Each structure stands twice: as structure tokens, then as C-alpha cells.
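Below are two complexes that have subunit A in common, paired first with subunit B and then with subunit C.
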Partner chain A sequence: MNVTALIDAAKDGILTGSLYALMATGLTLVFGVMDIINVAQGILVIVGAYLSYALSVHFGIDLFLGLLITIPTLFVVGIVIERAFLGRLKGPEKTAMSILVTYAVSLVIEGSLNMIFSVNPVQLHAWYVNKSFVVGGYHFAFIYLAGFALAVVLLSALYYMLYRTRFGVSVRASLADQASAALVGIDVRRVSTICFGIGVAVTAAGGMIYGATTTFNASTSYDLISRLLTIIVLGGMGSLGGAMLAGVLLVFVGNVVGVIAGAVWSTMAYYVLLIIVLLVRPQGLFGKQSARVA
Partner chain B sequence: MNRKGKLFRTLGVTSVAAVSLLMMVTASGASSSGPAKGQPVKIGISLSLSGDFSADGQAFKQGYQLWAADVNKTGGLLGHKVVLDIVSDASSPTQVVTNYQKLISTDHVNLTFGPFSSLLTLPAAKAVSRYGYAMIEGAGGAPSVFQAGLHNVFDVALPVANSLVPFAKWITALPKGQRPTTVAYVTSNDPFTQPQLPVAMKIMQPAGIKTVYNKVFPAEVTDFTPIADAVAATKAQVVVLGSTDVPTVSAFMQAFEQSGYTPKVFIATAGPDQGSTFIKAVGAANADGIMVPNSWYGLSAIPASKTMVAEYIKKYGGTPAGVNGDVAEGYAVGQVAAAAVKATGGFDNAKIIKYLHSGVMLQTVLGGAQFNALGMNPKMTAYTFQWQGATGTKFLQISPIGDPNTVKAVFPKPAWGK
Partner chain C sequence: MLKTKRLWWVLALGVFAGFPLVVTNPSYQTIAFYSLLYMACAASWNMFSGYSGYIALGSGVFYGSGAFTMALISIHTHMAPGAAMFWLVPVGGLVAAAFAVPLGWIGLRVRRHTFVVITIAFFFIFQNAAINFSFTGGTAGLNLPFITWGFSYYDLPFYYVALGLVIFIVILSAAVRRSRFGLQLMAIRDDEDRALGLGVKVAAVKLTGFTMSAFTIGMAGAVYAMFLGQIYPQFAFDPMFDLSIAMMAFFGGMGTLVGPLVGALILESAQQYLTVNFSNGSLYLILLGGLFLIVFMFMPQGIVVYVRDTVTKKAAREKAAVASIDLAMAEGSET
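Take a look at the complex of A and B:
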């Protein structure tokens, strides 16, 4: 076995996996607080990528600086989607209905993106996107390191918000039990709306890095959402820590198996892991069994 | 089950079978009769307007539309205005079958043109053959399409198996001191890409170009970095990539650059032929030196091709180098269909199939089209093209050696972005 290739694969897995972790965190946060499965998360990542593309190509704004515009923009987009469609969902069928509603939203967005940007694939370009440096004989790509750093910063901010702020207490209370949270005076609806906005806002960062490392068009979202959903299932629906670990595992396991057994097995490896974990822990790595029965 | 139940069941099954048969017969009848006087002729096409092949699907659509516009300018087909009934299959081999069934049995189209990719053409051709329709197509050149024993499929483009032959001959003809000594083969497990690589290997290996890497990856892979890193680790002087689209080629190029690895020669089976789409994705400077096999390019000297390219640029803008090869393939499908309709004097698919199997030589923007018993167009010549310079406007023919349009190749490939 080629040890260098193995270390390379492991390194790439951790760096790339952190991005998936970031994108999946928004998805699991929304599910945890709102019982909503947002299958539009994939296309919203692509919206983030296209926003960065538009700012870069038409206004010459650097990809990272552009986040100062795209993150708030997608936060607002999230609020609008939540207020217009998801806030109206009630009752025991809410989660199932949310899949249909967000799928419809994703189709509308996909069609709009195809009309605006065409179906031709594009990629984000900047002087640092393809550059790398060497440490100990290993190449480290700037964009992956920057993406990793961005994921760490944003996930840390999310953790700080959840565990060090008053709003975070409301979120965690809603995560644990919405009815009880409402009884103690928490405006669960407001918390839900803001959480959905945050969940969508992180796609701006994920989308920018994704667009700089992958050629994309609107249809790319289908592959993305299938990956993001399996990440939150493996990590445990509603678990932020679980999403982070599973995001890294998704790419790490695939890459390492790819080197050891060949690329043909790399995609399957993650799903084998997923099945094994679900057989042993049906609630996922960090999911709480029956925590959201109410 | 009691007797009564059995009777109802038998009646039910018989009714369904009868209705299905009636639908098939009705549909087949529609294919033979053609449009009434003054009515347009409908051509049914399923294209990948979303999904993995959406860029190719869009380019094919442009080719079909350009052809239809040209035909309609001169009075249509046998006096019938051409109307294209285009539906999207989302790049799905399952959806493409449903689409053609609907186009024939519900929309009652008179002719069918092919979808994009061998992966979709094979199930599509099987579906339309059940209704007796001809499947004239430009993107189903894989051996698997011709080995299916279908009598109704006609591929106007290059049969893909030998696409890399001119490239392999070019590289083996390099003086021994310059000739690369190592090669990496890496391909998607797609019916279009996989058959091409062993043919090239068979030519390059005896010339002393040693294979240092030879792997297949699943078509559904989207993260190519570990695979590209493994190729880069071999330091192969030549990389032959079996790709079906721009994103795959772009991902390998990016990973190679990030690994500090520049092969002396880099050829991809598809992707770099997509003109401005490819340049936009990878950046003009990075494209310098990248090669692709194909049968057509925007600077083709064929008069009909020059006219089509001029029309394309007038409508969509850009340069000849930026015209996607799929556009020409779509246009050529229309030309073959038009010739067949004219020669048979109608829209009877059985007659069209018989005519196209007659060995007649037809002219298209791609060159000559003459079909053998399998529906292959062996007359089509394979070329190798290369992006040259850092402007993304020079897409030139570099082989076969001795062809008057062949120019000197950029060799070795310049460093990325230079």
C-alpha cells in the first residue's frame, strides 16, 4: 500500500469533510429545532455558490470578501422561505410535509438558476483557488485549508451562539421540547424562523468553497443533498456534533478506502458504515432515541 | 381463488393486453402515415436538460434547433414545417425510455432523434424500436449501442472505440528522445469512455510507453481529488482520462495543479470538446495544451459546417473554437433525417430504416455518413484536437499526422496557468 497516498487521502478527507460538516450543520439544526427536513439545502448551497460567482465575475469581489454579502443575503432568503412556506406546516404530518414543500422550493430555485445562469457548468476562480504549498512532502491546497478554517470559525460561532447566548438557550430549549419551551415563554416560532435563516446562511460559506473546488450547475444539488442527508442520518438527526463528525467521516472513509481498495469501493464504503451504525444505533451516532416523539 | 375470480382475472389480463396492443398498433400507424397536408412534421427528442449531461443536452438542443430553423427557412420537410417536441430526461436512462414512449404513443411524433450519451441512447433506441421507429442519433457511439442487435439505430458521429487511435499514433511517432515513457490511464465506468482506453494502450505499450496506472472509477463519483492525487503520485508523463463531461476534467486539472503535477500530455475523452463551456469552467490559461479526440471542430473546412458555425455565432455569439461539438452532431442528425425523408418521399420509418441501411453516402456538417449493418458510421474520421495558447480561442487539430489541417501540437504541455 502506498503510505503517501493514504496520508494524502486522509488529509483531503478531513479538509473536504469539514465543508460537508458545515453544510450539514444547517440541515440538522433546522431539523432539531423545527422537525423540518429541508431537502432544499442542496440547491441553497448552489445558490450560495452562484452568488459568489456573480459577485466575483460581475463585480470583481473576492470570494471570501463576498461572504459578507452572501451570508446575510442567504439568511434573508431562509427567513423568507420559512415565513412563506414552512411556518404554515402544523400537526403530526409536519415533517413528512416539509420534505414535499422544500422539494418544491428546490425545484423552483433549480429552474430559476437554470434560466439565469444556464445549465453550463461553471467554477469559481481566484488566484489562490488552485495554489498549494508543501509541508513534509505533502501538498496543502489553499482553498481546502481556507475552507477548513472557515468551517471551524463558523461552527465555533454557531456553538458559541448555542451555548453562550440567551438566544442559544432558547434554541436548545426548543431542540429539547418545543411545547415546554413555549410554556416557559420562549417564542418558538421566532426561534424557528431565525434558526432556519441561520441554517440557510451557512450554505453561503459552504457554497462558496464548494464552487471553488467543484465545477457546478443547478443539477449538482441532487448529489449534494443526498450526501447531506446521509450525513445527518449517520450523525443523528438534530445533533450538531454528530453532523460534524459524520461530515468528516463521509469523505475520510471514502478517500481512505479508495486508496486501499480502489475508487470503485470508495462511495460504497461510507454507505456500508452508515448501515452498520444504523443497525447498532438506529438513532445515529449522537442522536437521542425518541427525543422528538412529542 | 374461485372460478368467478379466475374468470375476472383472465378477463382483466386479456383486456390490458388488448388495450396495450391496440396502443402499440395505433402508435406504429401514426409513425407510418406522416402529417396531413399543411400540418407540421413532429420530431420527438428526449434531451438531458438537467442532471449530469445537462451541458451536452443543451448543446444538442441548439444543434437540433439550428437545423430545424434552416430547414423551415427553405420550406420544411416535403413542405411540412418542422416542429421539435423536446422533453427533458434529467440524464436518467430510465426517464429517457418513458419520454420516448410518451412522445410516440401520446404526442404521435413522426420521427425520433437521439438523446445525449451512449448510456441513454441504448435504452432509448430499444424503446423506439418496439414502435418501429428509426433512432437517428449523434451521441451513442459506444460499442454497447451497436452490439445490442438493433436494426433501427443510426449514429451519425464517430464510433468511439477507435477515437484515441490518432492520438496514440501521434505520440508514438514522436522522436524517441522526446517520446514520453510513462502513461496513466484512468476512466469512468461509462460505456462511452471505457472502450477507448485499451485501444490506445495497445498502440502505446509496444512503443515503450509504460503503463504506470490503470484504474476505473464509478460514474457516480463526484470527489475526484483522491483519484487525481493517486495519478499525480505516479508522476506519469502522459495522462489519458476517460471522462464524459467538463466537471470531471476540471476536477482532475485542479487536483493536478494543487499537487504540483503537470503531465507532459493530458488528453480527456470528452469535456475539452465543449468549447466555451470548458474554457469558462477551467479558465483559459489552464486549458493550454489539453487534448481531446473528436470528429469535428469549429474550424472544420466542410462548407456546410462553416455555414452552421456562422449561424451559431450569429445567434449565440462567441468564436468558432467556442462551438461545442455536440451542436454539430445534433445538426448532422437532422441532415441525415432530412435526406432520408426526401429520398423515401415520406415519413414512413420502415422505409427510412431500409434507406439508411442501403449503404447510401450522405453529407453532413461532420463529413460523410454511411451506415453499416450495425448502424455505425465507419466513414467518420477520428481527429485529435488541442487547446493552444492562453486565450481560450484556439482549438486546433493536431492529428492525424499528414492531414492538411493538422498543425503542430503544443508539447510538452505548459505548466498550469502559464
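Take a look at the complex of A and C:
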């Protein structure tokens, strides 16, 4: 173990962590507004990655340019899933049922992806994917920096939408209390659908960077979704800021532990971190202290 | 009503007991064995999650620890391969239950949907540990004492042990439903705060239910390891297992006694059949997911409840029709 490796791991942890923060923000937004845990988020990231893959391999469209197509596509996919299945969920078992339903959706997608793209892992390529440059003696991989920039831009856009627009006010009202929001005339149903679309659309960006930094196939989605779920629970379910902080924190801790104790323990590290935090704060870092039963 | 119900159970038992004697094709016997094993797991899962409403998605922890208990003890005590190894099945259950106590103590302190995610985290901690510790054999796996009984009836002892396990779990689950303890679990599902207010010791009740379900799932895991004869961490701790048994229970009817059995029987035999005959895992994923979504959209309470409601409604309608004819005749005779 040396200091440079440690600093590298920490730096990459923060850069890639921002992407997980972006994907987890979509997940926690959906939970906060709709009480739905979307476990299909993992496979939708892979869908985003495969879409970028197909666009770049078959049509020669640049990865970043392709986002102009993949983000709206996944937005529509999200709206279809919400309208077809999730809108039907009601009652006290809603959250638990949403896990099973979105899991079923993700199985169908997983099977389809396996048939369309085969199970052989692929990776996204472009001339800049493996470029890096040196600043102050440290290597910065271009794709990590680009991912970080992308995450910052999209998260800022999301925040602008939430805090500076009329629609954002409806979303935040629904986050705070759905019944009261409906009482003051907010169409909670419409807000939910659009939020789900947005929550899914961010996976397109996450998936593109994910696919450029690692090889993937449909079954890598299990690893992704378990990380994303860990992030939103650690941050406090429904808390946007919590998801961002926890996203960066988890990847950072995972990377640092990976350098100190070996890569095989890095995944273990964040599950252990999650359990330690939950022992002290069962509602997560920024979760609202609410009734035990929701 | 009660008598016809009992008759159905006896009939079903007869069919299951006679099945391998009639169908001697070993590949179908294997399918039947796996179906029974998953029936046992789905019914165990339902015993806690179905009754209490706390959806656990980390039951693979208990399945895997049961499996590894069987493997490690039989290997390290140099057990003679054979039926004596079945004595390790309850030991596997006990080890799983011993893990369930601390995990449940940590996991059940949080709200219901956080519990779901925590169980997933537990699962990945165990899977990770099993892959990375050396005593589990790592990714190379472990080989159990090789069972040498005749190839002609290789599956039969396993089949009947699995059947026995299912019977045990069904009786246990039925007993829980009728007991004060079961009522407390279901009270927690309906309104935990009110149950607490009415004096139910919710923490103790939840932990007991969680541990019981871990015990029976651990036993199933031990049978699984013995049947396979070799065990790998990545298959003993399989994330698909966690979600499959929850889906099976929902598919048939969560919280009912028969539902998880029916769900597991249909889905697991379908999966095994597709794997054996088409060896196409992707097709199965699409079918499983699609079937689940269809059931969810048209029978949101699960198949068993849907069928029961349809039958009772039909009976009620017929009764009403007869009554209205009687009424019409009575009115007719008056005029």
C-alpha cells in the first residue's frame, strides 16, 4: 500500500461516486414522491448502457451526443412502466409490492437483453475513453472527469427544476405530504408519473459512463441495484441530499478499503458501513424520523 | 367445509407421495424434488414475511448457511456417505436460526421498507464472505461425501425427505396461523403501532417469526447441498433465490397457507422444465417476469385467493338466483 494509490482511490471514488449519486437520486426521488422502491433501476442503467452501445456501434453516434437520444428514450420507458404497472399499486403493502413488481419488470428486461445482446460482456468505446492527463502529479482519466461533470450538470438541472420551477414546487409538496398536496390541488398522479420518468431518465447518463468504465452485461445489474439501494438507505430514503452524499461516501470508502485490504473486501465495506450507520441511526443519515410503520 | 378441506390435503399428499412411483423418469423426479424444495422455502418465507408484512429479501443467507453447515460438517467429520447425513438437516436449520437472531435484531429495528433493503445488504455480506473466506472453498466450492446408493433410485430418498420437510412446514405454518402468536404477527402486519399499543411485544414476536422461518429455510438449504453433492458460494448464496421465493409466495397468495405452495409448485417446476428441455435461462426470465406481471394485474391477491373468491362468488350468485326464483314463485302464488 502506498500513499499515491490511496489518494488515487479516494479521487476516483469521489469522481465515480458522483455518478452513483445521480442514479441514486433518481431512485430516492421516486421513493419520496411515490413510496415506490424501483429495483428495476439497476437493469435500466444497463439498458441505458446498451442503448449507447447500439447507437455508437451501429450508427456511429458519439457517446455523449447519443445521450440526447437515450435520455428521452428512457424517460418514455419510465412513463410506460409507471402507467402500466406502478399506478395500480395501492394500500399499506404498496412499497413492498412495488419491489416485487419492479423486479418482475427487470426480469423481463434482463431476459430480453440477454437475447438481443447475448450474455457476453461488452464495453463502450470511443477515442477518448482511455485518455487521461496529469495534473499536479496525479492521473485523471478523462471518462471519470466527464462522468463527474455530467453528474454535476444533471444534478444541478434536477435541483433547478425542483427549486426554481412551478412543477418543482408540486414535486416537493408531494415529497412532503401526498395527501395535503392533493388537497391544495396538485395532480399527484401526474407528478408521480413525471417523477418516475425523470428517475429512470437519469440512468441513461449513468449507464453510459458506467458502460465506458467497466464491462457489463445484463447480470451486472444485480451488483448495481444493490449498491444503489444501499446508497438510498444510507442517505435516508426520500432524501435527495442524503443520496448524493451517501453515493460519494460509499464509493469513496469502498475504493479506499479496496486499496488497504484488497479489492475483494471493497464491496463488503459498504454493506458493513450501512449496517453500522443503521445501528446508530435507523432512519439513515438524513432520513426523516417518522412513525415506525409506514 | 372443514371436512372437504381436509380431504383436499389428504388427496394432495397422496398425489405427492405416489408421484415418483408412477413417474420413474429421473429428470422429472429431479424437477419434482426441486419443486418440493422451493415449496418448503416459499412456505417458510411466508410464515414470517407473509404473516407479518415484513418482506425479507435476504433469505438466501439462511439457505446458504444451511447448505454450508451440511457440507462443512459432513466433510470435516469424514461422514460415511449415505442416509445418516440427513441427521445434519436439522443442524443446518439450527445454524441458520442462530444467524437469524443477530440479523433479525439489527434488521427489525427499522421501518418496513428499510428492512427490505437491509436484508438485501445482509445477503451480499454473506455472499461476499462465503466467496472470500477459505473455509468455504472459495469459488472452487466444496465436494460433499459422494452418495453411492443405487442410481436407479438416486432421487427417491431426497424426494421423500423434501416432502417430509414440506409437511413439517405446512403443519408448523398452520399451527402458527391458529395460535395467539400468529394473530400477533398478523396484527403487526395490519397496524404495528396499534398492536404495540395493545400490548403485543412486537420486537420479540417479529424476531421469533423471523428466526422460525430461517430455521426451516436452513433445513431446505442443507437438503439442497446434500442433493447436489458439491456446493459453491455463488450458488448457495444466490440473489435469484431471495426474490424467487418471495415471488412464488405472492404468485400463489401471500399470507395464505396454500398460496406459497401452489406458487412454488407452478413456478419452480416451470423453471426446471424449461431449463431441462430448452436450457434457455433468458426465456425463463421473461416468462417468470411476464407471468408475475399478468397475475399482478388481474389477480392482485394471488391465484389461490382469486380462485377461492371466484368459486365462493359463483356459489353465492347461484344461491341468490335460487332464492329469487323462490321469491318470485311465492309472489306468484300469492296473486
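Everything that follows uses one rule, which is that the second predicted complex is superposed on the first by the 285 of 294 C-alpha atoms of A that agree within 3 Å, B and C clash if a C-alpha of one lies under 4 Å from a C-alpha of the other, contacts with A are read in each partner's own complex, and residues count from 1 in each chain.
Throughout what follows, a contact is a pair of C-beta atoms (placed from the backbone, for glycine too) under 8 Å apart; a residue touches a chain by one contact, two chains touch by 3 or more.
These figures come from a predicted structure and were not determined experimentally.
Q: Identify whether subunit B and subunit C fit side by side or clash on subunit A in the overlaid structures.
A: When both complexes are placed onto subunit A, subunit B and subunit C end up clashing with one another.
Q: For A:Thr28, using the defined touch cut-off, is the partner it touches subunit B, subunit C, both, or neither? Pick first, second, both or neither.
A: Neither partner.
Q: Under the stated touch criterion, which partner chain does A:His139 make contact with: subunit B (first), subunit C (second), both, or neither?
A: In the superposed model, A:His139 contacts subunit B only, not subunit C.
Q: Who does A:Ile37 touch here: subunit B (first), subunit C (second), both, or neither?
A: second
Q: Answer with first, second, both or neither: which of subunit B and subunit C does A:Ile275 touch in the superposed model?
A: It touches subunit C, and subunit B stays clear.
Q: Which of the two partners, first being subunit B and second being subunit C, lies in contact with A:Asp12: first, second, both, or neither?
A: Only subunit B is touched by A:Asp12; subunit C is not.
Q: Which holds for A:Thr213: it touches subunit B only (first), subunit C only (second), both, or neither?
A: In the superposed model, A:Thr213 contacts subunit B only, not subunit C.
Q: Let me test your reading of the model: by the given contact rule, A:Asn2 touches which partner, first (subunit B), second (subunit C), both or neither?
A: first
Q: First (subunit B), second (subunit C), both or neither: which does A:Val108 touch?
A: A:Val108: touches subunit C, not subunit B.
Q: State whether A:Thr267 touches subunit B only (first), subunit C only (second), both chains, or neither.
A: It touches subunit B and subunit C both.
Q: Just one of 145-153, 199-207 or 325-333 in subunit C runs into subunit B once the structures are overlaid; which is it?
A: With the two structures superposed, the offending stretch of subunit C is 145-153.
Q: Determine where on subunit A the residues touched by subunit B overlap those touched by subunit C, and list them.
A: On subunit A, the overlap between the subunit B and subunit C contacts is residues 110, 114, 222, 264, 267.
Q: In their shared complex, at which residues does subunit B touch subunit A?
A: 49-52, 54-55, 57-58, 90-91, 189, 215-218, 220-223, 225-227, 229-230, 233, 245-247, 250-251, 254, 257-260, 277, 280-283, 286, 416-417
Q: Which bits of subunit A are touching subunit C when the two form their complex?
A: 31, 35, 37, 85, 88, 92-93, 95-97, 99-101, 103-112, 114-115, 222, 226, 229-230, 232-233, 237, 264-265, 267-268, 271-272, 274-275, 278-279, 282-284, 290-294
Q: Under the definition above, what is the set of subunit A residues touching subunit B in their complex?
A: Touch list, subunit A to subunit B: 2, 4-5, 8-9, 12-13, 16, 110, 114, 118-123, 125, 129-132, 134, 139, 141, 213-220, 222-223, 251, 254-255, 258-259, 262-264, 266-267.
Q: State the interface residues of subunit C toward subunit A in the complex, per the touch definition above.
A: Result: residues 53, 55, 57, 106, 109-114, 116-118, 120-122, 124-125, 128-129, 131-132, 190-193, 239, 243, 246-247, 250, 281-290, 292-293, 296-297, 300 of subunit C touch subunit A.
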